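Notes follow the structure.
Labels for the chains are A, B, C, D, E, F, G, H, I and J, by order of writing; each one numbers its residues from 1.
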Amino acid sequence: MLFAVTMDVEIPHDLDPEVREDLINREKSYCQDLQRKGTWVHIWRYAGQYANLSVFDVADHEELHRILWNLPLFPYLSIAVTPLAAHPSALDDTAGVAA
Amino acid sequence: MLFAVTMDVEIPHDLDPEVREDLINREKSYCQDLQRKGTWVHIWRYAGQYANLSVFDVADHEELHRILWNLPLFPYLSIAVTPLAAHPSALDDTAGVAA
Amino acid sequence: MLFAVTMDVEIPHDLDPEVREDLINREKSYCQDLQRKGTWVHIWRYAGQYANLSVFDVADHEELHRILWNLPLFPYLSIAVTPLAAHPSALDDTAGVAA
Amino acid sequence: MLFAVTMDVEIPHDLDPEVREDLINREKSYCQDLQRKGTWVHIWRYAGQYANLSVFDVADHEELHRILWNLPLFPYLSIAVTPLAAHPSALDDTAGVAA
Amino acid sequence: MLFAVTMDVEIPHDLDPEVREDLINREKSYCQDLQRKGTWVHIWRYAGQYANLSVFDVADHEELHRILWNLPLFPYLSIAVTPLAAHPSALDDTAGVAA
Amino acid sequence: MLFAVTMDVEIPHDLDPEVREDLINREKSYCQDLQRKGTWVHIWRYAGQYANLSVFDVADHEELHRILWNLPLFPYLSIAVTPLAAHPSALDDTAGVAA
Amino acid sequence: MLFAVTMDVEIPHDLDPEVREDLINREKSYCQDLQRKGTWVHIWRYAGQYANLSVFDVADHEELHRILWNLPLFPYLSIAVTPLAAHPSALDDTAGVAA
Amino acid sequence: MLFAVTMDVEIPHDLDPEVREDLINREKSYCQDLQRKGTWVHIWRYAGQYANLSVFDVADHEELHRILWNLPLFPYLSIAVTPLAAHPSALDDTAGVAA
Amino acid sequence: MLFAVTMDVEIPHDLDPEVREDLINREKSYCQDLQRKGTWVHIWRYAGQYANLSVFDVADHEELHRILWNLPLFPYLSIAVTPLAAHPSALDDTAGVAA
Amino acid sequence: MLFAVTMDVEIPHDLDPEVREDLINREKSYCQDLQRKGTWVHIWRYAGQYANLSVFDVADHEELHRILWNLPLFPYLSIAVTPLAAHPSALDDTAGVAA
């Protein structure tokens, strides 16, 4: 089940630089683990923004919520979630299986 | 070069049903041709909406504009375009090449 | 899987009154069939508005999209969809099973 | 008398962790007490958000205001309140009595 | 139980002038009947706007919805509803009883 | 001359509790003095919000501005001001004299 | 008593050209009469827009409403009204008397 | 060349009171000097707001920018700038020469 | 004197195709004449939109207004105007003279 | 490949003045280097705002993102990016090559 998720990052200017770096590193590992599992299907940077557009493939809303809630950067994110369905014009081999 | 594009469709209620059906059929062919060429990389339906989220892979802005401008449904679309860059957390084999 | 869905209705003033009445009757039957099936879990009127707040329990995004897309009033609706997850404070017997 | 209430939570990043945990625990107890009384009829988490959609069944506006005003997290909430009425399409046994 | 209600009126330019005048006359009678009953407690014109701010005193949401839904101008109104509670600074003889 | 005024209160979380309490007490006295003079005609709490809807009856804009500017909570208020005129449907004894 | 008023004009494309010209001529006369009386103190065109910023000097809200309501173009205007007070930095001979 | 300029003032609550008073005094002098020169043509207080509507008469955009940028309160202002042109309905002796 | 101007075009779907084509041709000529005169300094298409970003170099607001008001497509345009000043970081030979 | 980019600057009031001055100086050098390379094609100040409108000519989204991400003031900027295409009315020697 696919979801488009946008995340805008706003880390406070006065956050301790080491804490900040640690958070960003843990966010990256967390993200790549989920990519390897096939859950975090896509992640693109919005050019010129500290923000991304992602696509997730999850079993249900509980899984989606647990994943987003546990993002190391969660307290600094503005998140928008949009459920995606198959598009009737999509060819099977490109969009039908979410990739 | 990747772009996220959202399209909201609002076909006038009083459009001739045959014209409408013809438009939608031509839109579908147009879309699938571009999918086969690898230009229209993804298209998902926003669940419950007459709208889609698409990702395009084009050579430049001229190509993107020509593609969108010539959509059969273009006069009835509200389009938003966002340039995408590679995300530093993306693994090469999933997001690095746009798919 | 639960979704909160809001629907704002805007039927054109010049729609034929019989067509309008027929649409509304079919919408009601459609809605009640889905209530009986346990799919359309809740529907409330926003007081003073031609709009409702609904909760759907569906298997996936495809089912949700098919249901909303086929609403007789769909061409006249502005629809917003929000995925719901269980709340950690919810007691099992009230919100845990969606009702 | 039913109300849809949405609550967006924004706890300051620098709040003392113990104060924070205490607030959240008290919020949970407060919420569950009202669920047991049949006042806080539903509470769902917006997936991926620190926010909820709730339905309250209260005697009047004074009761609703007193309940929301006394939420332990009230100072950190953005709250929206919408009065709900019975929907003419609702079957008695699902939405007519608010549950 | 008090509600603040704002109504913005937008009558189509091409509505038949007699129909328009009839609607406005019926709206006025309807409004004055409810004032006499003590239900439509206040109505003020927003200066320079085809809009009003009203206060209603009703038994419940069903009554409020029925009143607004049956306004002769309802199809041409944008309505916003906000529930009002007693203010702790209000003196009994001015705001406590809604007037 | 009547004005509808809405006030949203946002007192900083870190304001000294005694200062806060003193401000709120002075706000209440200030408000009640103006109610007794017939200037602050109505004040209602928006249910579930730290906000109010008020109606003022003043001689001119200078008086309105002086009153609002000198509210003890003024630095923490978001204020919206809308001039009200008599509504042609208002009965003399309810809305014509502002109460 | 001064008010800033902005008016955005949107005349339907299909309005009869003679009706349109007549409306615009009557609007101009109406406006200039009020300028001569000292009521319509200023009117400026927003450069590049079919819109204006005006300042009115009226006795009360009833007069303001009557003036705006009777504008020949009223049905095609979006109007915003903001009450103005003397600014403490204004020199008497420029802003104190509204001109 | 005339510009409508709105300025919303938001001075941080924790600014040193002496600094604050000094800023406001310098702002006032700065404003009155420009009024005497005929550059700051009008300044009105939005009633009930810490905000003003001003009209400037400057030689070009560079002068306008230099004036606004050097306002003592500039760091605490939200500024909106709108270019004004002569209105075809304006009588020469009221609006044609900006005053 | 430079202005950034954005124009969103919305030509009614039912405009006569010949009228439409004539309007667009006249718009193009009008635009190119002003480019040759050095008045319409830049015009770019927003990729994927029926909209443009333009830069104008005019003597004053009257000239800007006259140019925009007389655009053949003016009745179908939503126009936003923003005055531009020299940027302190701009090198003389690129931005200082508007091109 | 051209992009319109707007940047709104909001430097925290409590930033150390030397840090602030250093940032602004580095931003200026950075900007001018890119102007000399022909990458930062235009930069204009929005008159009266701490904001600019810029046009960039880059090879791809990666280059655009790298440039904006590395702006010394990046943490204090709100950035909007819009891809530009050639406009069919643009004369070759003014807009075709981005300058």
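In this text, a contact is a pair of C-beta atoms (placed from the backbone, for glycine too) under 8 Å apart; a residue touches a chain by one contact, two chains touch by 3 or more.
The model shown is predicted, which means the values in this text are computed figures rather than measured ones.
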item	value
Between chain D and chain J, the fewest steps along chains that touch one another	2
Pair joined by more contacting C-beta pairs (B-J or B-C)	B-J
Copies chain F and chain D - interface residue numbers shared by over half, same or different	different
Chain pair equivalent in interface to A-B, over half of contacts matched, among C-D, D-F or B-J	C-D
Intercentroid distance (Cα basis), chain H paired with chain F, Å	28
Gap in Å, rounded to a whole number, between the CA centres of chain G and chain C	45
Of all residues in chain I, the ones touching two or more other chains	2, 45-48, 61, 64-65, 81-86
Which pairs of chains touch, using the document's own definition	A-B, A-C, A-D, A-J, B-C, B-I, B-J, C-D, C-E, D-E, D-F, E-F, E-G, F-G, F-H, G-H, G-I, H-I, H-J, I-J
Residues of chain E touching chain G in the complex	13, 45-50
Residues of chain B touching chain J in the complex	1-3, 60-62, 64-65, 81-86
Partner chain I, residues of chain J touching it in the complex	2, 4, 27-28, 31-32, 35-36, 41-48, 52-53, 55, 82-91, 94-95, 99
Complex contacts: residues of chain B adjacent to chain I	5, 12, 61, 64-65, 68-69, 75-76, 79, 81
